[in-house]
Every structure is written in C-alpha cells, then in structure tokens.
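In this document, chain identifiers A, B, C and D correspond to the written order of the chains, with residue numbering beginning at 1 in each.
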Amino acid sequence: MMLGVFTFAKAQTTPTPPKMVPEMTEFWEPEVKVITPGTGAGTTAPSDAIVLFDGKDLSQWVSVKDPSAPAPWTVNKGVFTVKKGTGNIQTKQSFQDYQLHIEWQIPANITGKSQARGNSGIFLASIGNGDAGYELQVLDSYNNRTYANGQAGSIYKQFRPLVNAMRKPGEWNVYDVVFTAPRFKEDGSLFSPARVTVIHNGVIIQNNTMIKGPTQYIGIPDYNQPHGKAPIKLQDHGDPSEPISFRNIWIREL
Amino acid sequence: MMLGVFTFAKAQTTPTPPKMVPEMTEFWEPEVKVITPGTGAGTTAPSDAIVLFDGKDLSQWVSVKDPSAPAPWTVNKGVFTVKKGTGNIQTKQSFQDYQLHIEWQIPANITGKSQARGNSGIFLASIGNGDAGYELQVLDSYNNRTYANGQAGSIYKQFRPLVNAMRKPGEWNVYDVVFTAPRFKEDGSLFSPARVTVIHNGVIIQNNTMIKGPTQYIGIPDYNQPHGKAPIKLQDHGDPSEPISFRNIWIREL
Amino acid sequence: MMLGVFTFAKAQTTPTPPKMVPEMTEFWEPEVKVITPGTGAGTTAPSDAIVLFDGKDLSQWVSVKDPSAPAPWTVNKGVFTVKKGTGNIQTKQSFQDYQLHIEWQIPANITGKSQARGNSGIFLASIGNGDAGYELQVLDSYNNRTYANGQAGSIYKQFRPLVNAMRKPGEWNVYDVVFTAPRFKEDGSLFSPARVTVIHNGVIIQNNTMIKGPTQYIGIPDYNQPHGKAPIKLQDHGDPSEPISFRNIWIREL
Amino acid sequence: MMLGVFTFAKAQTTPTPPKMVPEMTEFWEPEVKVITPGTGAGTTAPSDAIVLFDGKDLSQWVSVKDPSAPAPWTVNKGVFTVKKGTGNIQTKQSFQDYQLHIEWQIPANITGKSQARGNSGIFLASIGNGDAGYELQVLDSYNNRTYANGQAGSIYKQFRPLVNAMRKPGEWNVYDVVFTAPRFKEDGSLFSPARVTVIHNGVIIQNNTMIKGPTQYIGIPDYNQPHGKAPIKLQDHGDPSEPISFRNIWIREL
C-alpha cells in the first residue's frame, strides 16, 4: 500500500534544518575600533599605542631598585643603552595582555661568547625585584652558540626559538611580541598560564608558547606567585662586554 | 629527652629537593636552525622561505577551475591583479602549518560599498573548488562599514578583527599570518581546530583564533570535511569594482 | 695529524647537562589535601562536598522567579520532583569552577516524543532569569530520537554527546560534571570560554568541551554577558508529560 | 527639519541580522551512537567497551619483557596480582584516545613507607620497555606521606592530584581515566601534548592535565619520542612489600 510505504519513509526521515539566509551570520555591532597603523611594514607606532620610547627620553621608565627614581640608563642619538651596574629598569605603567614592539642592537664590537656576549632580557611581566618575571632572552646569537633554550628569542631556560633569525652585531633586531598574562584563582593557584607569540625580524619564533612559570636560573619553573598587571622590565645583566641598545618601543593593551 | 625532641622534629619535616645547578636546565642539542631574516622589519623573504610571488610570474600558482592550467591573473610591474571572471587561483604546492607574508592593495579608484568594494579573500587552506576553505577576508575596510565579521582581517563570518588597521585605497596592506591546520581523527571527526594569528600592517588582529570550521556564506560552520595538506587560494570575487592586487608573497612551513 | 682531528672533534662538542638526582623533581610541599571519598564507585558525597540535596529538603535551593522564596518543587521519599508551572529553581549559593554529581529520573510512564518527553535541564551557571545560562540537557533520550545537539547529555544546541548512554524511564541516570567557568577581561570581553566534562552513567560524553556561549534557543551563542560566580539552575520546562525527579546532588568547588 | 533628523538617524543605523527560527540550530544527523551503560554508577563495562579483565584470565595482556609471552601475573578469585620480579605487563592491543576504568587494591597488610609502600603504576601509553611512558601513579597514599607529585593519582613527577581521595589498604580504589594521546608532526616534533582527566573514587583529581612528556624518574620530561597508538602498561615495581591487585578493567576507544 502506498500509505504503508509513505509511513515507512516518513518514519526514517529526520528533519533537516531550514536554510538560513546570509544576513543571519552578519553582525555589524559593535563597530570594530578604527586605528591608524604604523608606516611601512608597521614598525612605527600605530595610533592606539603607548609609546614607551621615542628616541628622546626615558620618561616612561624607572629604576627597578628604586621605582621612585628615574631610569638611570643612557639616552644618546635616539637610542638608549644599558648602563652597567645601575640595575634593571622597568615601565612606569603596568600591563596585562599586550602587543609590544621593541628593537635592540648588539654593539658591533661585542666580545665574549655563549651567555657572556651581549646578554640582556625583556621580562614580559616583572613580578619582583632583580630578575623575577617571564624572560624573553636578548643575546648576541649571531655565530655565537649557547644552550638552545638560552639563545636570543628563547623563553629563557624554557623554550628554544623555532629558528635562529638573528642579525649580526651592529644591526638592529626587532621583536614583535603578543603576551597574554597568566590568570590565577582566588586561592592563588594557577587558572591559565602565560602565553607568548614572538616574531623576530619578521620570522615567527614562539607561537602561542605556554610559559611554564617565572624564569628560573636554577631549578624548575612553577607558578607560585599570583600577580595581576605588572611592569615590563629590561635587564642590566652586568657583563663586561659592550652594552646593548634599544629603540622604537611601543605597546598596545589587548 | 633531647633524642625524643629531635625525633619529633624530624617526623614533621619533609624533604626539600636538593639544589640543582644552572647547567641542569641548559639544553644545547639539537642546535636551533640558523636562517637569515628578511631586511628591515622583516618583510622580505627570509632564507628558509618559499617565495610564492617575487614580482615576475605566477609560476607557483594554478587555476582552481583547472589545476593543470596556469593561473590566469595578470602580472604587471611587479604585482599581480585579479582578472575578473577567471576564477580563483591557488598555490601549486600544499601546506599544513605555516607562516605566510602577503601584501595586497585596494585600487585607489575603488567604488562600491560594504562587501561590494574591493572584495577578495585568502583561503588559508583550500579544501575544495569554489570558495571552500578557511577565509581570511580581503576587502576595502577604509571608511567602508560592513558587518564586523566580514570586514578586512575577519575570519569571514566567524571572527571580527580585534581592530580595524586598514590603509586607504592605493596603499599597500600587509598580512603576516601564522596558520595551524586542523587535525582529524582516523574516523574523520575533528581532533583539533585550525588556529590563526594575523598581524595587519604591524597590528595584531587575530590572536591564535580557533576557527569554527570551513567558511560558510550561509549557515553555521562545522568541521565535516577532514583533510590534510592543502593549497592556499586567492579569491576572484567577481565584483564590478576595480580589482585587487597582490605582491611580495612568501611562506615558511612550520 | 691526530691532534688536529681531536681538536676538530672537541670544537664540535657541546656541553651535556649534568645528571640530576631523583630528589630534584620530588616536591613534598604543600601537602595535598586529604579527603574521604564517597562509597562504592564514589557516588555518595565525599567529605569536602557541599550537599545540595540529601533526600530531606530543598533548603539549598530557591525559586528563580523570587530568590527570596523557597524552591517550590516537591520532595517525597528522598527525591524531589519538578512542580510544573512553578518555574525554575536554583542553588542559594553561587559557584565558579566545580565538580557536580547529580542523579535524575524520567518517570516510567513518560509520554510524548522528541523534546516534549521528559524535558528539563541543568544550567551550569545561571546568568539571568528564565533559561539564561549554559544548559546541560536533561531529557528522555531512551528510544526517543530528537536533534542530536538537543538530546540528553548535549550542551543544548551546541554540542551533541559523544554517545547516547541513556537509561530507560523509571531508572536513575547519573551525571558527573566538571565545570570551568568562563573568565572575562576588564572591558567585558571574553578571556576564556567555559569548559565542561560530563560523564553519563559512567561514560564520558563531553570531554573538556569548550562552550560557545550562553545557550540560545534561537540564534547563535555569544559571550556577551560577563559574569562571575553564579548559581546552578534546574529547569521547569512546563511540558504536559510527567515531571522529572532528582536525587543525590553534591558539589565540590575547584 | 524632521526629515533631516530622520535621514541622519537612518545613516547611523546598521542592519540587524534577521531573526532565525529554532530549527536552524537543530541538527539531527548523524544519529548519536546508542550504547548501554554499565549498572549502578556505571562501574561495570558499557556495551561498547573492550573488557581488559573480567576476573577470569589475563588473555588481553602480555609480558613487556617478551610480548609474545603471556602476562605472568597471578589471577585468583576474580582479581589479578602483581607477581614480583616478573616485570611489567601490557595490553595486547594498542590505543590512542580512550576512556579507561580500572580498580586496584593495596593489600591490607601493606608495610613500608613513602614510595616503598604499595608502589605500582599505570602507563597510559607504553612507549618502550621498562617504565617508558606516561605514568599515572598507583601507591598506598592512605596515611602515607610521600612527595606530592609522586603520590597516588599524580602524573608521576609532574602533577600532584588535586586532592588525596585514597581509600585504606584492603579496600578497592577506582580510577576513571580519559586520555588523549599526544600528536606529533611529520618531522617528529610535538604537535599537541597528551592530556588526561582522572577521577579517583568519584573525585576529580586531574582535570585535562597537559602532560609534560614521558615520565622521567631522573630529569626533566620532554616529548622526544614520537609515537602512535600504544599499549597500556601496568608496573611491577619490585618492592619487598605485599603486591597490588587489580580488577574490573575496561576501555572505550574515543
């Protein structure tokens, strides 16, 4: 019987979702914020960036030893240079998640080898005095072999860079960094680790790397220091070799 | 008795891990691969890149309609331009995870509005003919409002860009893309979604965004097409307005 | 010369990290909290759980319509039952991340089909009146076909369960749930989505599923309502068929 | 003029997506696979499980020393017991992602302390002879303090359990495990780490924990051994104290 056939067919059939129209997945609001990007490949500060160094002064930075004192490093000809023995410097302002652009130069007459050759570092969040924080390594890694998880572009003593994209001493290196701060639970335990993406001279070297905890020179990192927003810190490593310079630093809060 | 006291104290104490030495977390091997980065901010191809377009010809591309035929778009003065009505083009080679640099230009005399103004797209993995794949939108979004999840830098109909960092028609826009392909299980179900980071003119606009599935013009995306390596595809959107140009395209497999 | 050969070999050698001792990766402090688990397979409340229903009364629950009023559902013989038309009920207490054990029963004489057969739901975080929140579906899915992303164990209208592990009407079903609440940024945008693991009658049906946003009966979910701790809510779906019962509910904050 | 006002208002208005209908997000196909769950709290094997031990024999297991030889441990009264000195045993079959149910008992007359008290382990993927693999620790942690990342329920030397939910010697402990195997890239580098969820006697103790690499008794774990499907392995730790017993083992491939 046709009826039976139809009934059988109907019993087997499941509904198919009605077809949508294209506009149902088109969301206009809120409008995406409009900014003006930097020039060229985008290395100059976009319009929504906080300029942390524009070549003139260190007014956005303070001494780590004494955060009420100005950053004691040297500004000259549009760049600033580590002043050995004066200690680390850090931003006045604290940040959580951000995009950071920073350029750095190993001096052409650098000497030494392995870690004793142009050593500095960018602490993506400073969580205490000295070298406490999450360190993105700055070092001369041009024809200077060291341990892979300690060379330029490493998350120091945790993650080696994907490749070594280093320029030679006297040339400027560029880091473009996207940092997501760790989050902690109310009891101080870790909710989500810090993550970082780093592009070195246009080449991806850390791709959403999940940081293991604050950098440990000795031992195994662990998230045992809950924190919120934090300054960004640059390292005075105190080596005898010639000091590192920085320029064109800007940051966008995310 | 002193003995008892000591025993009690000892019973309460738990061992402390012995101190490590710094070298225990210093790993030298294997050596990180050395490459030569591009010049300036790193927009030119690094030494380990595959150059997909160097200004001369479309030898790295084919027609999507007929992958045995050359890409039918127009090369002129170091750039190539969509040739309306010839259909999409795609890379000869297939890729999985990669870093892609690509520059694109909306013509200065562009007309139209919303989606009908300089529309093209980069399919980060082409998984079929036509417009099948994961589309990073290319559009004139300079003073041209459209739906937020359809403007330049959106993952089309899925994720709006974090900001609108568009340059005006006649200027070159730059996308630096880090793409992680989805992975599928043996039974064809999804293991891990595609992820993408996009920097537009130096500004982060997609930060490890987890793509919801292949782009759907109508409907809700879903990972129902397991695939492996795939070509990268550029869209001939077929609009009446002036066509989009591309230049300086290179890729690094990750 | 042998000397030369040896020198060459030495030049190629990189340091090997010194061997650690086992105790260096043995961490005694802080002591892991000791609890007493439930009996049998662990279905009774462990010592650190908050008992939300122990068979006696609904003192841990309130009416959603009027949170100052007691939960108006029916308690009888150690179980409680949806009282049609009285509306949803929710916990007095709010929670963020937690483990939840809950048992539920479709009445043996259930009638109706598809969604109109034993429909209720557990809102893992109630973020408003009515049915606002993240719904884990409760339904008779024993020999009762409905849309896959709406059957028992689905994250309603988002994710189907991995399998259908339903027991028949008149028997008790068990959900063991591990819920991680979403986190939001200061500006109200999403930092990390809610995640949920669900075990249904001992079978994993949701494995760290990333929830797309608050449940939408109509439309596409989106995290546009930032929230903190929230009550857990049970649904009075108002269907004509016989009502659903619950028993043995406990929760552990994580 | 009113007209002007209206025109202005209109110019500011952006399209609102048309309202969807509920059925547009209701997906019926494919049907979710129907299984019959175990009894009670779901501790007996569901219908889609592979039973690895049902109380009768070790036919699903082999010796690790000689995989062509039967597992040399002792079966008695529905349980099997480590036979000291015979070495580890592993499943005949290999697995990738799975749900595992396993019950284990520390003998009532156990002696010793710290790690020397009822020590065994479950290697969630055996990636070589001896103790190579990802170890979920089995130990008497009832009133027996040891290092937190080495007690029962720890991912050995990596992650402590969230709580200590141990039952006393002579009683049966239950592990419900959901394991996602690591994935590797074509070049052998890690694509995604192993993840594990563990419920111990009904209490969550590992919640989608990202395993750091194969277990290292000495040193720091690292994913340097790419592998595919692998057997599950049980440890003969060789301690002088009384041996551990197992029962009711089943697995479901995911």
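What to note about this one:
Heads up, the rule we're going with is that contacts are C-beta pairs under 8 Å (C-beta built on N, C-alpha and C of every residue); 3 or more make two chains touch, one makes a residue touch a chain.
Model, not experiment: these values are computed from the prediction.
Shared contact partners of subunit C and subunit D comprise A, B.
Here A-D and A-B were compared by C-beta pairs in contact; the pair with more is A-B.
The mean-CA centres of subunit A and subunit D are about 35 angstrom from one another, to the nearest whole unit. Rounded to whole angstrom, the centroid-to-centroid distance between subunit A and subunit B, based on C-alpha atoms, equals 20 Å.
Subunit C has residues 14-15, 20-21, 24-29, 31, 145, 147, 220 in contact with two or more other chains.
If the chains shown are joined wherever they touch, the resulting network links each chain directly to all the rest. Residues of subunit C touching subunit A in their complex: 14-15, 24-25, 97, 145, 147, 183, 185, 191-192, 220.
Considering their complex, residues 14-18, 20-21, 23-29, 31, 210, 220 of subunit D touch subunit A. Here subunit C touches subunit D in the complex through residues 19-22, 25-38, 40-44, 46, 48, 99, 101, 145-151, 157, 160-167, 174, 176, 178, 180, 195, 197, 199-204, 207-208, 216-220, 252, 254, going by the rule given at the top.
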